[in-house]
Structure formats: C-alpha cells, structure tokens
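Note that the chains are named A, B, C and D in the order they appear, and that numbering of residues resets to 1 at the start of each chain.
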Amino acid sequence: MIQLTLPSGIQVEPSEDGRILTLSVGPQHPGSGHFRLIVQVDGDIIVDADPDPGYVHRGEEKMCEYRNWIQNIPHLERPMIADSCGILYPFVLACEEIGSIKVPERAKYIRIIMAEINAMIFELYWLAIYGIFLGHSTMFMWPMGDRELLIDLAEMATGARVTHAYFVPGGVRNDLPDTFRDKAIRQLDYFKHRLDQYKDIFYTNPLFLDRTERVGVLTAQDAINLGVTGPVLRASGVEHDIRKIEPYDVYDELDFKVITMKTGDSYARAYVPYLEMYERINIIKQCLEKMPSGPVRTKLGPNPKGPVGEAFKRVEAGRGELAYYVVSDGTPKPYRIKLSVPSFRMIAAMPHLLKGAKLADMPAIYWSLNYWPVEADR
Amino acid sequence: MSSEGKQPEQSSQSKEAVAKVEIPPVEKGIVDKITTKFGGKAVLAYAKPRRIRFNIKPEDAIEFARFLNDEVGFDQPISVAGTDYPKDNVIEVIYHIGCCTVPEYRSMVFAFALKLPRDNPKTPTLIPVYRGVEYHERETFEMLGVIFEDHPKLQRLLLPEDWADIPPLRKDFNIKGR
Amino acid sequence: MSGAGGIFKAIESGTKHLVIRRFTLRYPEQKLRFVGDGFQFDPKEGVGIAGYKGRHILYHDKCTGCQLCAIACEGIAEAIAMVKIDKTWNHNKKSIMPQIDYGKCVFCGLCVDACPFYALFMTDDYELAAYTKEHLIYTPDQLAVKVDYEGNVEIKIDDQGATHG
Amino acid sequence: MTTVTQFSFTDFVKSLLWLAFWILMIVTLIILPIIFIVLFYVPAPEIEGIEITPYLLLSMMVNPDIGVPLLKATMETTFFKVAVFPGFTFAALFATIIIFFERKFLAKMQLRVGPYHAGREVLWWARNFGGFFQMLADLLKLISKEIIIPSGADKPIFWAAPVVLTVVASGLVALIPVAPGWVVADIDVGLLAVFALLGFFPLTALLASWASNSKYPFIGGLRALHQMIAYEIPLILSVLGVVILSGSLNLSTMVEAQQNYWFILLLPIGAFVFFITALAELERVPFDLPEAESEIVAGWLTEYSGMAYGLIQLASYMKLYALAALFVTLFMGGWMGPEILRFGPPWEPDLMIRGHMVLTVEEGNAFFWFIVKTFGIAVLMLLPRGINPRIKIDILLRTGWAKLIAVAFINVFIALGLLYAGVIHPVGVVGT
C-alpha cells in the first residue's frame, strides 16, 4: 500500500494490512453538498462511512426562542428554500392547534396547492442533482429548466421565487390572483408532458438501470427501524404517507394514490418521487376544481400569544414526514421548537447502506436518500 | 395562538385536567395496554386524538421502549427532543415514536418523556431498540448536554469542533445581543 | 445486449430535443411580467394582495412614523431603521420614516403586513445591485420613488415546447 | 439606484492609442523576431533560380507572382505538414471547433443556449454562431491563471505530464493520412504506432495522478489504468479485421483498399467495437470514470489548474479528433468520396492563383470528404454525453473483458471468413 502525504503533512494512517484508504468526501467536494462523509475504502469497496453534518448549522431552534410566532416565519423556511412551504406547514399547523385558530376553507386549499407545488420544485431540484451525480448532464438541465414552470406559478401566487413566507397561522398571506387557475392548469399540463420525456432518457436508460438497480437495498424492516421516511420509506414497500394516514387540512377530501415500490434499491428511491409528481399534479388540479371562494386569512391581533401547551404536528413534505414539536409557555415567543426534519432522519440510513457498497455507488446511494444538508443541519 | 387577551380556558391543558377528558377508543386501548404493564411507573400526561404522551423514569426507558416496539407496535422513531426547564431544574427528553405496521395506529404519534436532573442528565440510549435515534441522541447530547449511556459515538455532530461553551439549547445560554 | 432498446429510445429522445425551442429567459433583454403592482396589504381585511415582493415603496403622505414596520422587522432582518426627515407632516409629528437596508432585507413583506396606514407597499423593482454597501441603504426619499418596471415576457406554451417571450 | 458609467471620448481615444502602441510593441519586439528566427532555421526553397533568404522573403510575400509558388513550396515542406496542415495547428483548430460545437450541441439538446454573447457583435454574419469567441476567452482565462502546484507534488512529473500528453496527441495526429500524400509520417507500421502512442495516455495519467500527491487523483489514475487495460485489447482486436482485409498496417494503404466498399459495410461489428472502445479510450461519457466528478472530484485532473489543465484538455480533444479520424480511415474510406468540389470551371477545376497551381481538385475533394466524415464521427462521439449517465467501474470492466473481446473475436472470424471464402482479395474487394 502506498502512503500518501497530505498537503498539511498529515500521514494517512494505513490499516494493519495497509489496505484501507480514508477519503473525506466533502464539504468541498462536488458530490457532497455542505456535508462530509468520511469514507474508508478497501480498493473500491467502502468498509466504513461516517456522516459528519453540521457545516451549515445556524441554530434555527435557538433562534425561534428569541422571536415571536409571526417573526419566526421567514427564518424557518431558510433551511429548505427549495421546499419553503413544506417546512413552514407543520409550524403553522402547530401554532393553530395551540392557539385553536380556525382556518378559512379556501386557505386550506391554497395551502395544499402551494405545498404540492413546492414539493415538486424540490423534487425536480433533487432529480436534477441526481442526474448530474450519475454523470447525466441532460438530466441536470431538463428538470432545472422545467422547475421554472412551477417557480413561475409559485411566484405568481406569493410574490417570491423561492422564499415565499406565504403561510401564516390562520391561513395564507394573500389570495391567489384571478389568472392563476388557467395558467396553473396550462403549465401543469405541459409539465406533465415534460415529465413523460424524463422516462425515455433517464428512467429506462439501461446505463441508469445498471447504476441503480440492486444498489443500496433497504429492506422494509430496516427502513422502519432506522426511522427513514417519505419516498425512501415508500420505495421499501411501506405504505406510509402522512397525507393519507393523518390527513391535515383538506387532504381527506382529495383523491390520490400512495406510490410504493417493493425493491427498496436506489432505482426505486429515484422512481417513487417521479411517480409522485404525477399524483401531485393530480392533487393540485383537484384543489383548483374544488376550491371555494371566501376569505383566506383569519385576522389575528398584533403580537399574538398562545396558551400554555404543546403540539406535535407533521406533514408530508417533498422529502417525507416533516414534524414540529412546539412548546408554548404563554408568552408571545415559543418556549421550544424542535424541527424533526426528514433529511436528518436519513443520516442514520447512510452508513447502513454505504457499508459494503462500491465507491462508484456512493453518489447513487447518497443522493437517493433525499438528503438535504442545509435542512439536516438546521 | 389567539389574540391577546382572549385566552380560552379550556385549551390550557394542565396535565391532570387532560387525563379526565374523554379518550378516544383506540388511544384508550393503547393507554390501557401500557398502564396494565407498567402501572405507576408510566404516568399518562395526555391522550388527545392521535397523540399520546407518557412520562417515565430513565431507568425504565429501555424496557418501556422495547415493550412499545415489540408488543404495542410503535416502531418508527420520529424525533428526540430535549427541553430545558430551569425553573423545575429538569431537562426533559422526549421521544416521538410513530407506527408503520399496525394499520389503526399509523396515524398516531406516541411520545414518552424522561425528566432528568439538570446538573447530571443521564439516560440510557435507546439505540438497541430504535436504531434510528442514534443521530437524534447525538444532537440532544450536544445541544442540551444530556449524556446517553452506552451510546457508541457520543460526539459533536452539528456544532463546530472548537465549541467551548455550555450546550446552546439550555435556557441559560444566551445569544449575544439578544 | 438487453438494453439496446433503451439506448435507442434515449438517443431518440435526446435528438428529438434538438428541434425543440429553448426555454431560457434572455435576461437583460427580456424581463418577466408580474401580476399586479407588487405585494400590497389591506389592513382592514387583514389580507394581502398578490404581487411581486420587490423593492418597497413608501407613501410619505400616509406614513405616520408609527414604527410598526421597524418592530416587525426587528426579529427578522433588522433592515428597517427609523430616520428623521426634513419635511414635517401633520400626521407625522415625530417626522420619522423608515429607511431600509437592502443588504439585510429578506423581502418577506411582513413589514407591509404590519403597516396599518396603507403607507408601505412593495413594487416590481428587483434590480437593486449597487457598487457599495452604502448604496443599498434606501432613504425615505428614495423609497418614495416609483420605478417603471417594463417586464413583458411570459411563459408561452405551444407545440414546439415552452418558451419565454 | 443605478450608477451609469460615464463615457468619455478622451478615454476612448486614449484606449485606442494604448492598444495601437501595444500591438506595435508586440509585433516589433516579439512576432517579427520569432518569424526571423524560424526563417533562419527552416531551409527556404529555391524559387525560379533565386535562393530565398529571410530578408528577401518578406518583400517577396507582397508579390503574388513569387508569393504563390513560395506558398506552394512551403506547403510541400515537412515543417508545414508537421506544424500546420495535417499536423498540430489543424488538429488544434479542429479540436477548438469540436469543443465549441459540443457546447452548442449539448446546450441545444438540454434546452439551453450555451455560449451566446462573446463575439456576437464582432461578426455580424455569424450571429447564429454567437459565442465562438468564448473559446478565445476561455483560452485567455486559462493562460492568465496561476498554475497551483500542491505541496509535496513531484514537480518534474507534474509539469511534464500535460506537455507529454499534448506531444503524444500531436504524434497521434501525425499518423493520420488526410489525403493521398498528405500525411506527416507515412510509415509502414502506422497502425501499430497508433496503438503504441495510445498506450501513453493512461500511463501519463497515472504518472500525473501520482505526482499530484493527492487521493482523488490517485484513484482516478488507477481507474484510467484499469480502463486502458480493459479496453486496449478489444480496440486492437476490432482493428484486426481491417488489417486482415487490407493486408497492410499502413494507414494510407488501408484507405486505398476501401476504394469500392467501406469496411464498415463488411465489418459493422468491428466498427461498433472500435467506436465503443474509442469512447472508453477518450474517457468520454459514459466512460468518464477517471474524471467522475461526483465520486472523485475531477479524477486525475483534480490538482491541475491554469494552462496545465488547458493543455490536458487540448490533448484530450486532439485525441478525440485523432480517433475520429482513425475511425474514418479504417472503416469509412478515409478521404474517398465523390468529386463534388470544384475550384474553377470544369475544364480547369484545380485551385489556380495567377496561373500557379496551389491545390489539385483531387486533393481538395479529399480534404473535404475527410473533414466532413471526421466531423460527423466526432459529433457521434459527442452525442452520448447528452444521453447517458456514467457507468460503474465493475460494469465497465465486465463489458470490456467479457463482452467486447468476445464480440471483437467474432469480428475477426467474419473477416477471416470473408477472406477465405474468396469474397475478398487481400488488396481490396474482388474485381479491383
């Protein structure tokens, strides 16, 4: 085995038989994001992987304790700007449960529309990165371009392209513009047509199948016990979707399927979000049909206070189950807010899946876990 | 939250009041199962629709979690949160456990809280039961200084390596300028 | 070769896109059209009016110097500071008005929600780049200027694909 | 608030003068001396009984009656062949065009614009090719950048690797016959020389990765080596069929053997294997494992920066040209093609300037067909980049060792069968 001298003069520790090489994948690595995986490889086989998050930790939970309920809204969506409505949704629900605030019916539909659009924006972003991680540059450009269709819709409704600050306790900030419905239906139809194109170039491409099939298999038992969630859990065959099992707002009035796959490999984890996008388009169209007219926001007094109490609310965001544990002590500021984000729960699955995989499988496994470093660090 | 000045009396849930409120049948079944097994060791904090919370002691934690996982069917760790209560001199570690397998429990979140003394917070790790709590417990360790005994790797996770202050989510840690 | 069919399908799909029109927005030449005149808020109804959240606009004849916008911003970005102005108004005895630092502003628009006097709205103007940090601080006089934003490009969808313009 | 840069006419004139000054300085101090140094060392030909000296040359260039024969004479020198036409400059220019075309082509496939602004206003007639000057801008950027050498790097090898790669790529280019007689090195073992030179690339990559003293380049270098060993053998085997049919290792002879039929019609399997293995040799998608950025940053290129990186890229694109040209030479009849290009009226089709012949019509057509075919094959080699993801190392090795070698052997048997069944004569298809 070769002993390499690192630039800082650190001698790489070879293992006893001198076969193990330690690689630090990240945080300045094109295949990691703001995140580090300390990987030990024996030739091309990964023998150990140690996730090291925390490079973009900004103490959201502590920040929450210094701001009042409304002021928490803009900064809480910062960890996940690609799905900013999704990460705000359970906070708003929890505030409403603690304060027992009634939400107008129209606002519930608008929230679902925006949450689904945002989830799709995230999934396209995720798919684009998955494409480039596997060396497929076209699959990077297409979803990134088509994402514009949805960002355009979100911008039309909320006035901002990524950080909307749109949900508030008691409804949403503003009503949808009049032209939103027609435009949304037109663009979603076209987007559906674009989604069909992805299949030929990516999902049925034999080279993509080679890269992802039977790679990083996560059994249903392991998936549940490791606490992974969302598309990763459903790809392992567990039918677990918060929208279905614990319908919040008006999801119980909508008709949609929960997509599951049995295999639990990277391919299934890449395919489930893709199929879910069709369901999401379906949900948005149903919402646009069923949406009643009326007010969209319950008027609250300035600087509202909550009663003493706690709430645990969860929603199905783009990456899976996103939960907030909120404790209120009766002051205008929350006593404790805990974000249980799906990305953080995926970390546990990472060493489990990477051990024994090949180094070339690392991006395929790592990114199929729907991991978003900024969200995990909060 | 409601507006200032109109705080509804019924929603301020002190723990004794909630226990008397009507518990829905499915939740009642779970609560009965737990109370018959553990009796006085597990205290019911509240049982709202879809949300149940028990307060238990740290020494019973592993046994309780194992019973919850194997017998009751709550098998998916969702979150581990720690809350600091300097007034009562306790740190509360609360595990939220969901369920993926039993159909009628799937919509529920089971929470159990451990009240630990603030000066020496120690509790056994629940990794043998729920593997997924490993990183949640590490986060709780560094954010609140709770020591999870027998945890395989109780080290820094999110904070910088040169963090030399009290754990930041304790209430006596203050952000500068605030 | 089992996957030959898949490869041919992929090649077909790729080459098909050589004739599809491109989606890119040629930004400095083309600008997007937005709905409305920017985000506004109706304090009577307690609900906003949809629009783009760009630079603010301040109506001097309505601002009373109540500082609610600055208080709202305090926990968010701390971008709003109340400054003295030269003019005196009957409704603004203290003659203070908000000054916004766009180096800090996050464009959440909660200051607009906080204003009870229809004085602070947002506009379509998003081109705020400046050479120095000082240029990013907008005084009440600068905030009063209404900028004509000429965006006329929308997403168009036809058989050849979606395009801007 | 918008700040408008003030336009001042004085500054404008000043900048023009400044530019003129610099051009004058560079021409007088650098370019003219270089021309003279070159002219001193390159023996000038004798035109119409006059011995050309460098001093005479510049004055003669203005006179077309002497200048054209001079040009013709220069074109026949080896120096011209090495440095300009079938050699380095041509290949580098071709590589630049390929890079530009790749960027625009991929952009089109990916529904974006690609290089757009640079040079758009300079060439009004080339508005649709707007962005070609992006190549120039990239070159200037690479030249002006600092070349960072990692501490602990093996400096001589680290420096030598890009140069060696470029030199080897130029050597590869030198073996390609562009037209009858238009080849730098017309040697009898041309094909063997090609493979010998191709073997240099992964070794240099390994040396470069070793010299970088970093882990990711090292893994990349090892991968490059793995890939070479797995793909060199099918590459050689796939060409064996052509050698059997043409009965020669000389590339020009091989082209001439395809007078009637291109070998791609007789040996489609061999052509397929050659194409796939050529992609693997070039380390292009889907075989770009040594540079897989999501796994090992940039592979063996990780520590290179500035013009060292630029040279490596130039070498790799020259290699792309060389392999595309080799494919054309071996399977697609090289310069052969119908005579469609004419420089003058039918009774005098050659390129004549003032009564001096510069280029015969046959040569012109040969160039045309060769360039067109090579460009087509190069575009085919670019196409997978827009369509396929990268494949895994184990699948790559299995494909190389198990599948492609077997297929290449089938190809050899087909060639032998064609030969011994009497369909083909060693010097071409029956009837020639």
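Please note the rule applied: a contact is a pair of C-beta atoms (placed from the backbone, for glycine too) under 8 Å apart; a residue touches a chain by one contact, two chains touch by 3 or more.
All values reported here derive from a predicted model rather than from experimental measurement.
Among the other chains, D has the CA centre that is most remote from the centre of chain A.
Our note on geometry: chain A versus chain C, Cα centroid distance of 26 Å, whole angstroms.
Between chain B and chain C, the centres computed from C-alpha atoms are 42 Å apart. A separation of 50 Å divides the Cα centre of chain C from that of chain D. The set of chain C residues that touch two or more partner chains comprises 7, 10, 13-14, 17, 23-24. Listed for chain D are residues 109-112, 386-388, each touching two or more other chains. Residues of chain B in contact with at least two other chains: none. Here, these are the chain pairs in contact: A-B, A-C, A-D, C-D. Listed in rising order, the residues of chain D touching chain A in the complex are 106, 109-112, 150-152, 213-216, 218-219, 285-286, 288-289, 292-298, 385-395. Residues 66-68, 70-75, 138, 145-146, 148-149, 152, 155-160, 163, 165, 171, 173-177, 179, 186-187, 190, 197, 200-201, 204-207, 209-210, 295-300, 302 of chain A are the ones that touch chain C when the two sit in their complex. For chain C in complex with chain D, the residues that touch the partner chain are 7, 10-11, 13-15, 17-18, 20, 22-24, 26, 127, 130-131, 135, 138, 142, 161. The touching residues of chain A, when paired with chain B in their complex, are 51, 53-54, 57, 59, 61-63, 66, 69, 95, 98-101, 169, 224-229, 233, 238, 240, 245-246, 300-309, 312, 314, 321, 323, 325, 327-328, 330, 335-336, 338, 340, 344-345, 347-348, 352, 377-378. Listing the residues of chain B that touch chain A in their complex gives 1-5, 7-8, 11-14, 50-51, 75-79, 81, 83-84, 94, 96, 98, 100-101, 106-107, 109, 111, 130-136, 139, 143, 156-160, 168-169, 173, 175, 178.
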